[in-house]
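Down below are the structures I want you to see.
Two complexes follow with chain A in common, the first pairing it with chain B and the second with chain C.
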Partner chain A sequence: MITVSRPGVLSTVQDLGRFGQYHIGMPPSGAMDPFAHRVGNYLVGNDEDAATIEMTYQGGAFEFDEDRVVALCGATMAATIDDEPINMWEAVSVEAGQTLDIQYASNGARSYLAVAGGIDVEPLMDSRSTYTLIGLGGYEGRSLEEGDELALGAPPEGATDRIGSAVDDEYIPDYDSIDSIRVVFGLCDYRLTDACKERMTTEPWTVTPDADRVGYRLEGPELEFVEREQPFGAGTDQSNVVDLGYPVGSIQVPQQPIVLMQDAVTGGGYATVGTVISVDRGYLAQKRTHQELYFESVNVDDAVAARKAQQETLAAIRKSLE
Partner chain B sequence: MSTEHTITAPMPGVFYRQSDPTDDPFVEVGDDVSKGETVCLVGVMKNFHDVTSDADGTVSEILVENEDAIDVGDALIVLETEE
Partner chain C sequence: MSTIERVTLPDPRYEFGGDDHVFVELDEAMSFDANFEAMAITQQLRKKDIDGIFEICPANASYMVRFEPETIDPHTVVETLKSVAEETDLSEYQWDTRIVDFPVLYEDEWTHETLMRFRDNHQDPDATDLEYSAQLNGFDSVDEFIDAHAGAPHMVTMVGFVPGLPWCFQMVPKDEQIEVPKYVQPRTDTPSRAVGYGGAFTAIYPVQGAGGYQLYGRTPLEVLDTDQNLADFAESMVFPQPGDILDFRRIDRTEYDEIREQIEAGTYEYTIESVSFSPEEFFADPHGYNEMLTEVLRG
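So, the complex of A and B:
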């Protein structure tokens, strides 16, 4: 068991997500940066879907009442075990009675604490992910608070043999240097003028303080819609269309864009003019409020190739840790 | 002898000196603050988070304007502390 002695700003239990429920309005939730989440689990010998603790902007402090192997992956957060500094992206041993204390994020926005055996909250619809908006899943459906006690699963065999194994530097993302986010335009990009689409991919966008697990609200060039008489069933604003499903990663444009993330709104009547490709959603999730980024237009083949390349990287990391 | 102590931003967001636009600021230059006392708020992810002083002292300088954008680690408020 681990006890939360300081929760941080927004720390939640997450796995890879809750799938197959989108049609009832239930988004997947799950780790915002699944790459870092997966690598954390590889390091401690877990299945990649084991639940980790996602910490946003600030780390937490956690007291262990049993020996465990842990790994911290994602945004750079200085961390100590009983005041001794530890490395990130490395399997580290915590002993019963020790406290793992994690500071704020300096490169990136989110870090994942993987613990051998995983965080053992009760699964809901086959997932341990937290969906805080309606208070379901994870630990009591909410972000962690001081004094919470988290049960742990049985550690995988050989977990302690992994202590000291680390991810090679070449695989560790430098989040703050990644400012190009790839987008496939559609389904409703016909609502934007060509000049507007051009501006969307050449001018910078700034992450607003509202950006969270539901959506990343951005600020940038003014959008320009193709003038039309609104069809039956669509709202009166030029940004409205007849209701449709919103893909996770889609960019909806209630004037300024919102990129829908893991706790996405699943449908509605705003034009969705493009979709951030899955690999780059993880990078977008590592952007802090006020940071700048650019959209780069790609096609579906590029998106699939990027996903395949990342899967190969993950396989290489996993192999390097065996 | 007095020394300077700087309170830094524990997270990125928007800096607020008061909890409501019509309220008085949490602190003004010259105010005494004690460790653990709220000195400002940071608004991020649709929530407001208290920033508390990590030392006892007297506010000598407020380095950021109300509603300015701040990043984690930015210097916010300077205290004069008794050593």
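So, the complex of A and C:
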């Protein structure tokens, strides 16, 4: 068991997500940066879907009442075990009675604490992910609070043999240097003028303070809609469409764009104009308020190739740790 | 006899949503033709249980799927959707669905308090949402407007936004359909179970939260029961399913309170009848068909 002595700004239990329920309005939830979540699990010998603790902007402090192997991956956060600094992206041993204390993020926005055996909350619809909007899953459907006691699963065999094994530097993302987010434009992008579409990929976008697990609201060039007589049922505003489903990662344009993330609203009546590719949703999730980014237009084949390349990287990391 | 005017749908637009979604727009405008097509195709897709496709989401005039590109190539997904559409013939289509009694307390105190608090976000700050909508749609009074809203059943044409929120499209010819704009600026607050209207759709808000629809009333019934306490939520925490037919019924405060008491005690059972829905028969004589449906429900 681990006890939360300080929860951080927003820490939740997440795995790779809850699927098959999007049609009833249930988003996947799950780790916002699945790459870092997966690598954390590899390091401690878990299945990649084991639940980790996702910490946003600031780490938490956790007291262990048993020996465990842990790994911290994702945004750079200085961390100590009983005041002794530890490395990130490395399997580390925590002993019973020790406290793991994780500080503020300096490169990226979200870090994942993987613990051998995983965080053992009750699965809901086959997932341990937290969906805070309606209070489902994870630890009591909410972000962690001081004093919460988290049960742990049985550690995988040989977990302690992994202590000290680390991810090679070449595989560790430098989140703050990634400022190009790849997008497959389309969906209802016929609603935007050509000039506006052009501006969307040439001018910078700034992450606003309104950026969370539901969506990242961006600020940038003025959007310009193609004037039309609104179709029946859509509503009167030029940004309105007949309510439709929103892909995870899609960019909706109520005026300034919102990119929908893991706790996405699953549908609605604002035009969507493109979708951030699956690999780059994780990179976008590592952006902090006020950071700048550009949208890069790619096609679906490029998007699949990027996904394949990331899976090869993950396979290489996994192999390097065996 | 009035009929539902049939719509010839344009060629569907197949659009990639990143590397893992395909969005299919059947029409830009809402129509029963577009919605039934979306329902028929997604029902077929579910039956086919295609390896790699793990989310199938019908919407009002479109649908969407999500898939694992490792298992099925995105271009193959589009080809598959096209061939399913090819095989789907609405004229031979019918489906088993439910008609549900849905009591609504129109002009309730809670949505009234909320809408008064957000007058500055509204097109017409000097009227209530009901007064504004009644006038815009050519009704002489709010009562007549409510009678129209509750006067014919509504079909659930999409579920989403948050778990359990149904979009409902009234089962009447287009010239009888209500259409209203959404708020100029969305509200930051809406009571749970509020019954709202935007575009051509009624929505029921499952939980308290932001919203932009015109507010007409509040239902005592739940659309989302995360603890699955109520008998009608035994199989899913979400009540409405696409294709369900909801028959809104105007109730008074006494009945509202009685139903709430039973809901909170976990004893309330929704009044539901099973029906086989035939698009062709509905298109030919919607009013007659609705009468038949409500007859099944109310005996």
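The definition used in the following text is that the second predicted complex is superposed on the first by the 322 of 322 C-alpha atoms of A that agree within 3 Å, B and C clash if a C-alpha of one lies under 4 Å from a C-alpha of the other, contacts with A are read in each partner's own complex, and residues count from 1 in each chain.
FYI, a contact is a pair of C-beta atoms (placed from the backbone, for glycine too) under 8 Å apart; a residue touches a chain by one contact, two chains touch by 3 or more.
As the structure is a computational prediction, the values presented were derived from the model and not from experiment.
> Pick one for A:V304: touches chain B only (first), chain C only (second), both, or neither.
second
> Given the touch rule stated above, what does A:G235 touch, chain B (first), chain C (second), both, or neither?
Once the two structures are laid over each other on A, A:G235 reaches chain C alone.
> Is A:S177 in contact with chain B, with chain C, with both, or with neither (first, second, both, neither)?
neither
> Examine A:R288 and indicate which partner it touches, taking first as chain B and second as chain C; both and neither are also allowed.
So A:R288 only meets chain B here.
> Who touches more of chain A, chain B or chain C?
Counting contacted residues of chain A, the larger count belongs to C.
> Is A:P209 in contact with chain B, with chain C, with both, or with neither (first, second, both, neither)?
first
> Let me test your reading of the model: by the given contact rule, A:A105 touches which partner, first (chain B), second (chain C), both or neither?
In the superposed model, A:A105 contacts chain B only, not chain C.
> Find the residues of chain A that appear in the contact set with chain B and again in the contact set with chain C.
Chain A residues touching both partners: none found.
> Spell out the part of chain A that touches chain B in their complex, as residue ranges.
Chain A residues touching chain B: 9-10, 56-58, 104-106, 209-212, 288-290.
> Provide the residue numbers of chain B that touch chain A in the complex, in ascending order.
The contact residues of chain B facing chain A are 10-14, 43-47, 49, 69, 71-73.
> Enumerate the contact residues on chain A facing chain C in the complex.
19-26, 133-136, 184, 186-188, 231-237, 240-245, 247-250, 265-269, 272, 275-278, 299-300, 303-304, 306-308, 311
> Contact residues on chain C for chain A in the complex?
Where chain C meets chain A, its residues are 15-21, 23, 25, 27-31, 42, 54-64, 66, 69-70, 73-75, 158-165, 167, 169, 174, 179, 181-182, 198-201, 206-207, 224, 226, 236, 238, 242.
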